[in-house]
Every structure is written in structure tokens, then in C-alpha cells.
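Please see the structure below; I have some questions.
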Amino acid sequence: MTTFTRRRTLQLAGAGALALATPAIAAKRKITVGALRFTSHSASFVALERGYFADVGLDVEFKFFQAAQPMAVAIASKDIDYAVTAISGGLVSLAQKGAIKVIGGALSEEKGIDGQKILASNDAHAAGLTSPAALDGKTWAVTQAGSSFHYMGSKISAAEGATLKYKPLQKVGAIIGALKSSQVDAWSIVPHIAKGLGGAGAVQIIGDVADYIPNYQVTTVFTSADNAANERAATEGFVKAFSAGAADFNAALVDKTAGDGTDMVKLVHKYVYADREFAKAEKSIRAGSMRINQGAALNVTSVEDQLNWFKSEGLVDGDITLDTLLDTSYVETA
Amino acid sequence: MDIHLSNISHRYDATEVMRDISLEIPSSRILCIVGPSGCGKSTLLRIIGGLERPSAGEVGQIGDPPEGCLNPLTYVFQDFALLPWRTVEGNISLVLEDHGIDGAKKQSIIADVLARTKLSDFAKALPKQLSGGMKQRVAIARALVVNPAVMLMDEPLSALDSQTRELLMDDLIALWTRTPFTAVYVTHNLAEAVRLGHQIVVLSRRPGEIREIVEIDKPLSERTFGDPDLEAPQRHLWDLMREEARAADAELIHV
Amino acid sequence: MSEPRPVSFRGGGFAPKSVRWIGAVVFIALIAVAEIGTQTGWISALTLPKPSDVLDTFVQLYQSGLLWKHLTPSLTRLLVGALLGVSVGISVGVLIGLFSYIRSGLVPLVAAIFPIPKIALLPLFVIWFGIDEGSKYALIAFGTFTPTVVATYGAVDNVDRTLIRMGQSFGLSWWSIVRKIVLPGAMPGILSGLRISLAIAIILLVAAEMLGAEYGIGAYILEAGSLYDLERLFVGVAILSLLGIGVSAAIGAIERYLLRWRN
């Protein structure tokens, strides 16, 4: 622990220097970044397309995944260097085993910006599930125990004094199918999927997650513990480029201060919904644009709340501390 | 009950197996059928018992089967056809169960037939524990238990060694002498034919036709091993068959 | 005449026998290596859990009563699903073995269904049979059905035809022949098919519990996997292995009883 603190002090000094001048990284360093083809992963896409990674001397290759969970395992196995995903029980367990560290924040819930929605199946809605207050005794879809869906369901039901039955369905696709056919009653999901389903009348939107979990740090930036501790320059470079990408993305599609954002949608469309025609994809991309934290700042309070919830549910070891999970030397924290 | 065969012909696709066979099978006598291999002896037996349909001709029953007969036409197979998962008792029980014979009545019938065939000590044995001769005794007991009008015996002794064969022939003769039964006995062994047959039908090679019917008058019980009286008929049979057998042996097999 | 030379023996080998204790020794040695490796840090915590921790986790699972909470639904699913699949499979297999039209109609169908990974159909089963027990039973039943059918009709084909002719020659009814000759004759083949079917049932148990199962050994394993909780993962896997050994032993016992006429 003492060595850690000493190194951290040095690292903080280095971070100060970075703010003043771009570090002179001689050779381009090859790194692999894990990503899902979701709008919420756009900061990395922007950083690559607009050359921010190249500016900090990183030669980035993307590796695409179908789900967040395997990305955490891929970081642990050193198949990828950096990734963005929700904090899950698996992520915490891997951090406990000394494999990974969370180094920054990405997606956040914010009042006033369209965030994650609470959904009810049509049958459940017809039977009276018209607001989260009626959730008691209902079934709640999750991918896995310990997933962000489980966390949201738990927080929402706690706030409403409701008891939920959790149905693990492994994949988002399976959940959508089960919800459409009213096999499960309720779920929460990012806005573009929620609006897509709600708009088609396949499900009913009954509330906002932000009302129950304000300032919810939905996804985080993470890397291997080895990178966080020993690859200072590359990691700082990644955070810097990622932040620049996030800033462009927020300006274009969240704050809408950079024109109509069509350029940004075109950029994102290369990675997300690439199999759909542009006009259709544009709608989904715009609808799914949530704020990516400025400077990849991390909401430690929210992360702590999530960690405590995992512990209270017995999903992770009770001895895990916030320090085991986080390396806060790279970004601003709140 | 007599069996009457009229103009039986049979063919498998292009191969003519037998041609125009007409025959009387008188009751309480043993009729042997001999012939070179491939002459359709076994096929003829299956036709008589209704296990195969002849291409032409008819098999008729004359008169009614005797009182208490459960299965008028009953086979004894060359390879015994015993169910390996049933005991000796169970194998005999099998053919009674379907006729609604059960409980004590069944047990006494089985005990009786086992005693007749000298198998009482083996009632609980499984087929795998028995020698070939014992297995065939069980098969014969199973055939006798249904009081058949006609026993159809398909080379019943061919799978046995020669000593066992002699023993079983003696047993068959003893059984027939006690209660004469009707039997059609197919064999390629001429010694068996002259020991057991009242009448011996000689078939030609394929397509099988009746060459000759040989009668042997000496009572079964008086025929013995190496009986000089049987030498002449056996030689006569062999003379009839030699050329046929040689030709049949040289034929290519079409399968 | 020269001096006789001894004929050298050349008939050895090619007759493996199973030596009882070797299997146990291999097991114990592997576990010992894992324990020592993880204790000394030569095997990292990320690679393998400590066997002693796994045992500890199992004991906790047992003491907390959760073991039965997970095992009971899984065993029920296995039992109901396998019973459905196997009994329908044997019936269909016998029918294919006995009737030309059914054979011609169903053999290609079974051949088409056999290679489908049943897991792929799980979402469909959820729509057809509901997300609760129905879809789980259906998946396991479907998975055991096809190998049972194939094993059964193969076994019926191999029943000695002379025994069937014998039954006919004694005037046995059709049903008697099926019950007393065809089924017992096909039993060895059916039982060895059952070994495969039931192993598949255990494999499918995990798949079946992917959708909508809160409790169950499969759900427990999946949860442990997603939490990257290696101790629990290994406990779950060990339970499945034990289940497999148990099923295999049970079939062995059934074989020894039903096929005692064979040895």
C-alpha cells in the first residue's frame, strides 16, 4: 500500500505536467480498445476518427464485443488494453483479483438529459403497471445477477418499497423478446432502445432511472491493473484522447453547441448501426446520445453506492474497498 | 389334421426357388424333406407354416386340429430361437401367456412338458448357461407345450455336434413313440432322414421340384444307430442327390 | 534335427483393464497440484481458485441451505425433461423400427433435427412454452429426444429377426411380440443410448437455466461466471460432474439388473 501511495504521488505530478504540454512520446504505441457498437461508446470512435489517439502517440485498434461482461474478462486476459462498460459484479471480482482497475467515468445519468428508461410489458401495463410505484411483486428482467440492470431494479424497487423477482436472461436481445411477449413485466434500458420499443408500441415507458438514481455513473473507463500502474504515459494518452472525443460528442449531440451534429452522426454511423441506412440510423443515434463525462471524470460517490450494493447483495466479497476497484490518479473525481 | 400342398411355386424376384410342388402330409407321421442346399427346403417349410406367401399354389388344412391344440403349426428352429432374457421356464411360458393360460394351470403344464423332455432340473436356467443340445430340447419342449397339430422342424439338429445329435434323435423317437405327432422335418443330413422319417421327400436343386418320395416301413422305435436296414434307403437317397448336390455346390450365389 | 528354439510370446497388449484406484489417484494428484500451485502463488488467483476455497464455498452453500434450493429445481427439470424426451424418444424409435411408413417419414426428419444446437431454439421455446418451467422442460426433452430415437430404432433394427419370426410362428399377438421380444431385445441398445441422452440432458440443463431461472445449478454457474467468482463456478461445475457420475452409475445399475441375462 505504501509503494502504491508513493507511486501515486509521482503519478499526480506527471498528470500536472500533462496539462501543460503534450508529452513527447516518440514511437507510436499499439493498443487495443474494446468496444460495443453502441452510441455510448462514441468517445473512442471520435478519438480515432479525428486523430486524437494519433496525437497522443497511440495506434489504436478496436475489438468489438457483443456484451460488456466478456470485455472485462478480455482486459483481465490482456487481450484488450482499455474498454468502457457498466460496473458489474464480474468487474468488481476481477478488480479484487488484481486484474483490472477503473480509471475514469463515461456515461452518466443527468437530470434534464434523456437517460435510461423504465419499461413495462404491454400485458403488465394493461394490468396496472403504469408507474414504477406499482412494481411490487412484478418480474424484472436482468442479463445476469450483478449486472447494471439488477442494480437499477434493486434501487428503483427499494425507493418504491417494492419486491421484485429477477429473471436472468443473459442477453439484451433475449430480454427484448421476453418483454415484447410479456414473459417478464419490467426492465430498464438506455433511451434509444427504450424509445425504439416504446415508439413501436411493443412496450410501455413508465419512468426515468434518473429519478431514482441521480448522478448514476452508468459506465466507466477501465484497464488492466498493470496498465494503470506501469503504463502511465499510454494510459494518460488514452484518457486524454478519449476526453477529447467525449467533448466533441457532447458538443455535437448532447449540448448541441456545434452545429446540427450531422458530421458527428455520420462519424458514429461508421461504427453503430452500420448495417442500417443512414436516415434510420440517425434517428437512433440521436435518440441514444447521453452525456459522456467531460474529461472522463468519475463520480466516486455513485461508484461507491454501486459497490456497497454489490456487497449487500452478497454478489461480491465484503472486504473489497473502493481503492481496490479504482485508480483515481488519472481523472477528476466527484 | 392333414396338410395338403397343391402346386406350390415360389420365386424371389428373378430367381425361381421351387416349382409345382404338391404333397400330402399325413397325420401322426414324420415326413422328412431332403435336398441339396438352396433347393428351397426351408422356404417350403416357412410356406407350410404361413410365415411366407408362395408365388403360386395353396396350402390347405384338412380336418380340424386336435382338442387342446393352441398353435396348430408349430416350428422348431435350427438356431433354437430362445429368448436369452428368459429362463427355460420363461421361454416356455411365453407361448402359453398369449393363450390366456396363467397361474397354477400354466405352472403344471410347464412342469409336465419339462418332465417329458427331461428338463425339470433346468427350469430356472438362462439359455446362455445351456449347451446347444439342451437349448434345442427347450425349443422342442416349447413346441410340444402348445399341442401342435403339425411340428415344422427346420434342420433342428444342424447346429449340434454329432454326439448330441444322436442323443436328441433318440429323444425325438422316444417322444414320438409315446405320443405320435405329425412333423415335417427338413434336413440335409441323410442319416437323420432315414432315422426319423416315415416318408422322405427328395427335392431337386433350384428350382426345387419333387424328385421322389421314399417310404421306410420299419417302425421308428426299432431303428438304431448304424442300422443295416437303413443303409439301402440312405444309399438310394444319396444316389438321387449326388449329381444335384455337386451341381448346386458349383453354382454362383446370387444374393 | 537341430535344437528346438522357444517360440517367443507375441500375444500381449490390446486388452486394457480398468484398475480401480488409478482414477482416484489421478484426481487427487491434480487437486493437490492445484492446491499447492495456488497456495504458493505459482498459479495466480485469476487462473484457478484454491481447491480448499472451492470446498469451503461448497460447505457454505450446503450449510446455508442454498444447495437444495439450487439442486431441487435442477433435478426436477432434469427428471421431467429427460423423462418426457426419453419416453417419447423410445416410443417414436420403436415405431420407426417397426413401420415402413413411419420410418420413411421420420428418419429424415430426425436426421434434420439431430444436429440443430438445441440452445439456439431456446428463445423460440420461451415463446412457445413460457419463460418458466415449460421452456426448460421442453429444451431438455427435445435434447434427449433425438439421440434416444436414433439409439432406439438402431437397437430395434438389431433385434434378432428369428426371435420375432418365432413369436409370430407361435401366434403371439403384435403387442406381445413388441413387449416381450422387441423391447427386451432392444434394451441393451436403448440403455447405451440413454447414457448419451442423459449426459446431453445435463449439458442442456445449464443452457435451459440461461433464461429466466433464479435458482438451479445452471443458473448458479452462469451467475458465478458473470461475477467471475471462480470458487462458485468450480463448485457448480463439480456438482454437474457428480450429477453425471451419479446418472452414469444409475444407468450402470439398471443395466446390471435389466441385462443380467447377458453377462
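For clarity, chains are labelled A, B and C in written order, and residue numbers in each chain start from 1.
The rule is short, and it goes like this: contacts are C-beta pairs under 8 Å (C-beta built on N, C-alpha and C of every residue); 3 or more make two chains touch, one makes a residue touch a chain.
All of these numbers come straight from a predicted model, not from anything done at the bench.
Colleague: Can you identify the chain nearest the overall CA centroid, using each chain's own CA centroid?
Modeller: Most central by this criterion: C.
Colleague: Quick check for the class: compute each chain's Cα centroid; which one is farthest from the centroid of subunit C?
Modeller: Comparing chain centres, B lies farthest from subunit C.
Colleague: What whole-Å value do you get for the distance between subunit A and subunit C if each is reduced to the mean of its CA atoms?
Modeller: 41
Colleague: Using mean CA coordinates as chain centres, what's the subunit B-subunit C distance in Å?
Modeller: Subunit B and subunit C have C-alpha centres separated by 47 Å.
Colleague: Averaging only over C-alpha atoms, locate the centres of subunit A and subunit B and give their separation in whole Å.
Modeller: 87
Colleague: Given the complex with subunit C, which residues does subunit A contribute to the contact?
Modeller: 69, 72-73, 76, 88-90, 93-94, 97-99, 143-147, 165-170, 173-174, 177-178, 181, 183-184, 315-316
Colleague: Enumerate the contact residues on subunit C facing subunit A in the complex.
Modeller: 44-46, 123, 126-127, 130-131, 210-214, 219, 222-223, 226-229
Colleague: List the residues on subunit B that touch subunit C in their complex, please.
Modeller: It comes out as residues 49, 51, 70-71, 73-75, 77, 79, 81, 83-86, 94-95, 97-98, 126-128, 142, 146, 152.
Colleague: For subunit C, which residues are in contact with subunit B within the complex?
Modeller: By the definition above, subunit C touches subunit B via 160, 162-163, 165-173, 176, 180-181, 184-185, 187, 259, 261-262.
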